[in-house]
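One chain, chain A, links the two complexes that follow: it is found with chain B in the first and with chain C in the second.
After this line comes the complex of A and B, so read on.
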């Protein structure tokens, strides 16, 4: 590879101008040649750009947060091309006629090439691809980053019908020494792209004892997830963060390894294990991203004890700020919306909504609550217990009685599992139904959600990305007879136990977050503000 | 004496029927479908016509009205009983008019001209005695019984006109009419059925097992997932407990949600209801528990609740939902398909306006 960065840069410029003038796609050989030049340039640029700490910080933070967790050790590698994009465009932009358009098209081509490189690197085993680099956020004249093409990797848990993906997953789990969980029961054809597990066959049965790869606190957590003992997105995130704190406490850096890289490598099999026990929720995904970022930000000269304390403090702060304080902020806003004499309808058990109602009753607001519940989870029982303990007068109905109770309801409060970037609310199955019928009866629907549950994904229906729970839960015994007992033997019968569904934004009147009360469609604005802040 | 025996035997049968109706409502006795109730009511009315002592049509109508009131009071939610009583009353009126020799149309319909020219109350008091009236009425009731027996078959026969292949059909709870409808279509076409289980009694489970045994691909979903899967459904086919006079339905709870979800996705909602379910009642607004709603025992949904919570909580478990006619696309009955806006006309052909209040 040529070592003179200057000549390479000059050649590069020629290529770019040639392509721009000819206006046709680069051929395969040209692409490869350009790639090689790019790599050599990168090596030079790495030495030059170590002083560009500030720019790199902003670049990293501009990378879109997707569900695929970017590996921390790839970020130092990923930032050079990003930084190269920052430093390169100003250079030709200064030299070439300072028109915005030429700079943009060069950057676009570069970004495309980089995206291809990343895709190539991502296809190699064991490496997770960083999503397409965000090159434009640092540029003063360039348009905002949303216009750049982003290469996203589809998460594995929605590609169950693709045998290649399954094979890759099996190989990865084998390498991490984690057992693969097998699907259970007949899957309805509309959902053949999703996993369906049985609660009676937890993953821990396939683990050897003692497990040397997975920390015991993680094993316990995985079991709690798969059996439904820890359920609800806040509870799961907090449990996950506490478990990681314990992991960090017990961590010992092996010799000749850096804490910031090795710890992330240690965390990866844990995350795969938890994912196998139960697919990660959006809130958990965001929490994991935060932890990985914090770990990789630990400077290499930091002592181990200091680093570990720092990380534990970070986690504590995250829990305190994003979950606990957010809950108080949200209840402050929400209590303004509750007036005396209100009849409030809630669905299932949302820790946030329960918190709001308990605080409101402590502030001596007079209202009564209707708790709507649904089979097969029957989570409303827990909500009912908590509310009655606080002395709130409650009514309990099943979701099929919704049209019966709605005429006397003044407001509906719903919790959310995640808020998607197109304004859709992803929540427990049945939430969209409640919002629909409430809309038909002209009852306002308010969704309460912390900002850490906001998600960059977009989704329009409840099919493409969902979770299938154990189908045996639908069986019920009435008068000593279980109708669906032998459903596995009947070839034409399928049971569908969905966990989540998406509510369109036109059913939701208001979203109450810790940043204030916003309409459903403002979610991408909040995400952008959050990214820029960080 | 044969007369007295007949009377006691008749009253015994009536009492037994009333007791059955009462028990059927609480769910403790044998659960009977509406078709069976209709048939048994009509058979009982035929027996009353045959065995009771009456001399003119007016007497017979009085007797039947009296028994009808007792029967509807025993089980107000079972509207087929009242419907059959009204049908029989209409039969008696028709037979009486035919015996008198006057044509049916001028007597049945109240035209503006007739109102102006008659100048006063109708002179019809059904006091004339006709010897053949009894036989005619019994024959007409027999025809009614034949019609009742053929309703499910007639509805199922229309199945192929409405279901095409590879369709996804959604239904809720358990309706024998819909079950036969789908099974008939499945003989010739392949389609997929999604059944909403309809908690807390989960009749949908029985429907699903029965359909899957007829080689129909079936999926059971909980009630909460109705809106989530509705986007993939091509048609919604449901049964109902009663068809009200304005074209609305009184159907099993959860049907209103299903209808709203279907409306949101512009999915056609088809109701399979035989004619004997058509009732001259109109829905009361606003609904209150004392009117047309009934609450079943809530123990099914509450067995898990501890006593200290139970005392502070109200639990509701309504049995029926009201579905307004705007949400319904089509009614399929044994006499063919109709729009909800046509129901009032069908009702005027089945019942006489003076019989609407028994």
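After this line comes the complex of A and C, so read on.
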């Protein structure tokens, strides 16, 4: 089937382009056809280049007769220079490559790989694409043999300044029929590897209405994320899970498809879309992993209605256990640490910390709170509103006044966006500053974090992986004048609006999780215990 | 129930072998209590064991007694008690209790075996108050023909340091007793500091006789090694953030807690040393860094 596809590809291609333009979702076969077409076209182009390169060598070396056989009757892909480069028969298609890679030149490597792929495709008709994408992300070039372990590509390796990676991303989005969001404004060079989007150009403007590829609930969710209507780690995860519940409710298994595999494939474009609207958080990533696992564990005999109810129950249980119940467990431990007469410092708006303080005041602990806030988000105002409504006496300062208030503070409670495997805490920008100054004043710093936010990533600085928010947010109008109005025109000026930063474990005294109180260095132990459980 | 008898048994155990840790005596008492218990249900048994532990902490308020009691309870109930007959269950629990007791009786020897190699020939050691584990370690080192000299703090208010000095003199180890206030001045002369612990907390810090914290701070300032020797039954599920956060029931002796009017006039007998000041902990589970203590605690308790 693979061979025949190439020859009558021309007519099919027109069909495909026509269908695409109508905005309908491509069927699986058409997508396969399209992918194969593109791949063979690319190979033809590269073959031509290699042929030119090796042709000159051939002239010098008077190669054996096999080379001179014209390959006209063969497929355009399996051309002579490629056959010359492969000495052994590629019949054991899964044969491991020879170990002395560095000695050969890049062109020969490519040629060998091409030949092996062709041989694999010839011997296994209908085999879908190759593990090619993994080898081009700037990592050491491992030949895509099936026996070799798959190179794990970290989705956080956003490399916006690498044009190859961008091209791959664009192709992937095109395949999933999701528009690509373009970057906005001048980026500070240290962060040029990250995306920077403008809030005034949401992704939804580029979608056709009605979009049949993306469920409307997901479109709405994406818009809420990108406009900042739904913000905060827990809120985003819960919104995501509810949206997925709706998607599952409306899902209908197409004929001749298995629910467990097709639904996961349906979810992939949604996830790419949401990622384009706003980069996924670690908690959302863990939630998505959980859902995918649950979906793929659905037995094939299971009826559709039954499977759908089961999945919805799973999601409800996840929200209940990992978020709601975890919050009450954490507040139980945290309240032990709050004594009468305490002065507690909080930063920004963390739903978990607010919950803890409200519960503590209901249990009649006598304490007062200092809320520290920072521009441009000014999230502390929301925290202040919630705490004052519960009758807790609060003070409100901006982060520049931190060292002024710290001498009277007895404890610092911080929320976290994620806890990394090396014990670093990833949280809203400004958190590491608070932890640092608190350490200098010998004030204990307590971080409250549910276990579903623990992730396997390791990071030691805030540059490698972060999020850049809309730079226009930094503009502020006072007394009718906006000083930074024309910042785009000034060539040397860049506005940096970071969202997250990482705090090293030396500054954190205690982490309160639903499993108990642990030191910051014990996060990998919890991850290990969790993996054993699963 | 038989609270008076329990306390009596505990006191006799303590009296019989002064070298035994109070926690070990507590466990022997709890085991005896288990054997004598006439309860009908497992749940009732657990409840009465918990109340017995509370009763014992009323006699000796050290952290080790409460942690040992909790660990004992966990150890014996860790088995799958599927037997229908209660007496059979109790037999299994008693066997496990004996096993636990045997294990912890060996723990001091294990600690000494691990630690004595860290004492180099010609070392000058600083230690605090009277700790039987540290004494055991120094005995082993002396038996290995190592030459070392020891500075002991007097450790008021009970002058326990004098007891330690007397025991060391019997081993022919040159020993000097220094004032508690002289620690800062003496630290620059020594090579390493070894202290015992009454309790090891979740953060990896220790709870020990008052005066340990300032010794740790001084040794950190002089970049001297600070070693802690403790048996594993002293690991406790506490997480103090600072001195104030240590519960009052451990800070004062049991009699003081009962009799005094206002605790703020009483002198605390223990203090908390945070993990950042400790170099290594020697336990019968091995040689641990302070951050590994949490790992071990999770394994022990979860």
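Observations, loosely collected:
Quick note on the criterion: the second predicted complex is superposed on the first by the 380 of 534 C-alpha atoms of A that agree within 3 Å, B and C clash if a C-alpha of one lies under 4 Å from a C-alpha of the other, contacts with A are read in each partner's own complex, and residues count from 1 in each chain.
We take it that contacts are C-beta pairs under 8 Å (C-beta built on N, C-alpha and C of every residue); 3 or more make two chains touch, one makes a residue touch a chain.
Model, not experiment: these values are computed from the prediction.
Superimposing the complexes on chain A yields a three-chain arrangement in which chain B and chain C fit side by side.
In the overlay built on the shared chain, the residue A:405 is in contact with chain B alone; chain C does not reach it.
When the two complexes are overlaid on their common chain A, residue A:529 makes contact with chain C while staying clear of chain B.
In the superposition on chain A, A:496 makes contact with chain B only, while chain C stays out of contact range. Touch counts on chain A: comparing chain C and chain B, the chain ahead is B.
Using the contact criterion defined above for the overlaid structures, shared-chain residue A:366 touches neither chain B nor chain C, since it reaches no partner.
Looking at the shared chain after the overlay, A:43 reaches neither chain B nor chain C. Applying the stated contact rule after C-alpha superposition, one finds that A:175 touches neither chain B nor chain C. Applying the stated contact rule after C-alpha superposition, one finds that A:517 touches chain C and leaves chain B untouched. Once the two complexes are laid over each other on the shared chain, residue contacts for A:483 go to chain B alone; chain C is not touched. For the pair chain B and chain C, the model built by superposing on chain A gives 17 Å as the shortest CA-CA distance. In the superposition on chain A, no residue of chain A contacts both chain B and chain C.
Those residues of chain B that touch chain A in the complex are listed here as 194, 197-202, 205-206, 208-209, 211-213, 215-229, 231-232, 253-254, 256-257, 260-261, 264, 286-287, 293, 300-302, 304-305, 309, 312-318, 321-322. Those residues of chain A whose C-beta lies close enough to touch chain C in the complex are 337, 411, 444, 446, 506, 509-510, 515-519, 521-522, 525, 529.
Contact residues on chain C toward chain A in their complex (touch as defined above): 202-204, 237, 239, 241-242, 245, 275-276, 291, 294-295, 298, 302. Across the interface of their complex, chain B is touched by residues 188, 190, 374-376, 378, 381, 384-385, 388, 393-405, 407, 428-430, 432-433, 436-437, 440, 461-463, 474, 476, 478, 483-484, 487, 490-498, 501 of chain A.
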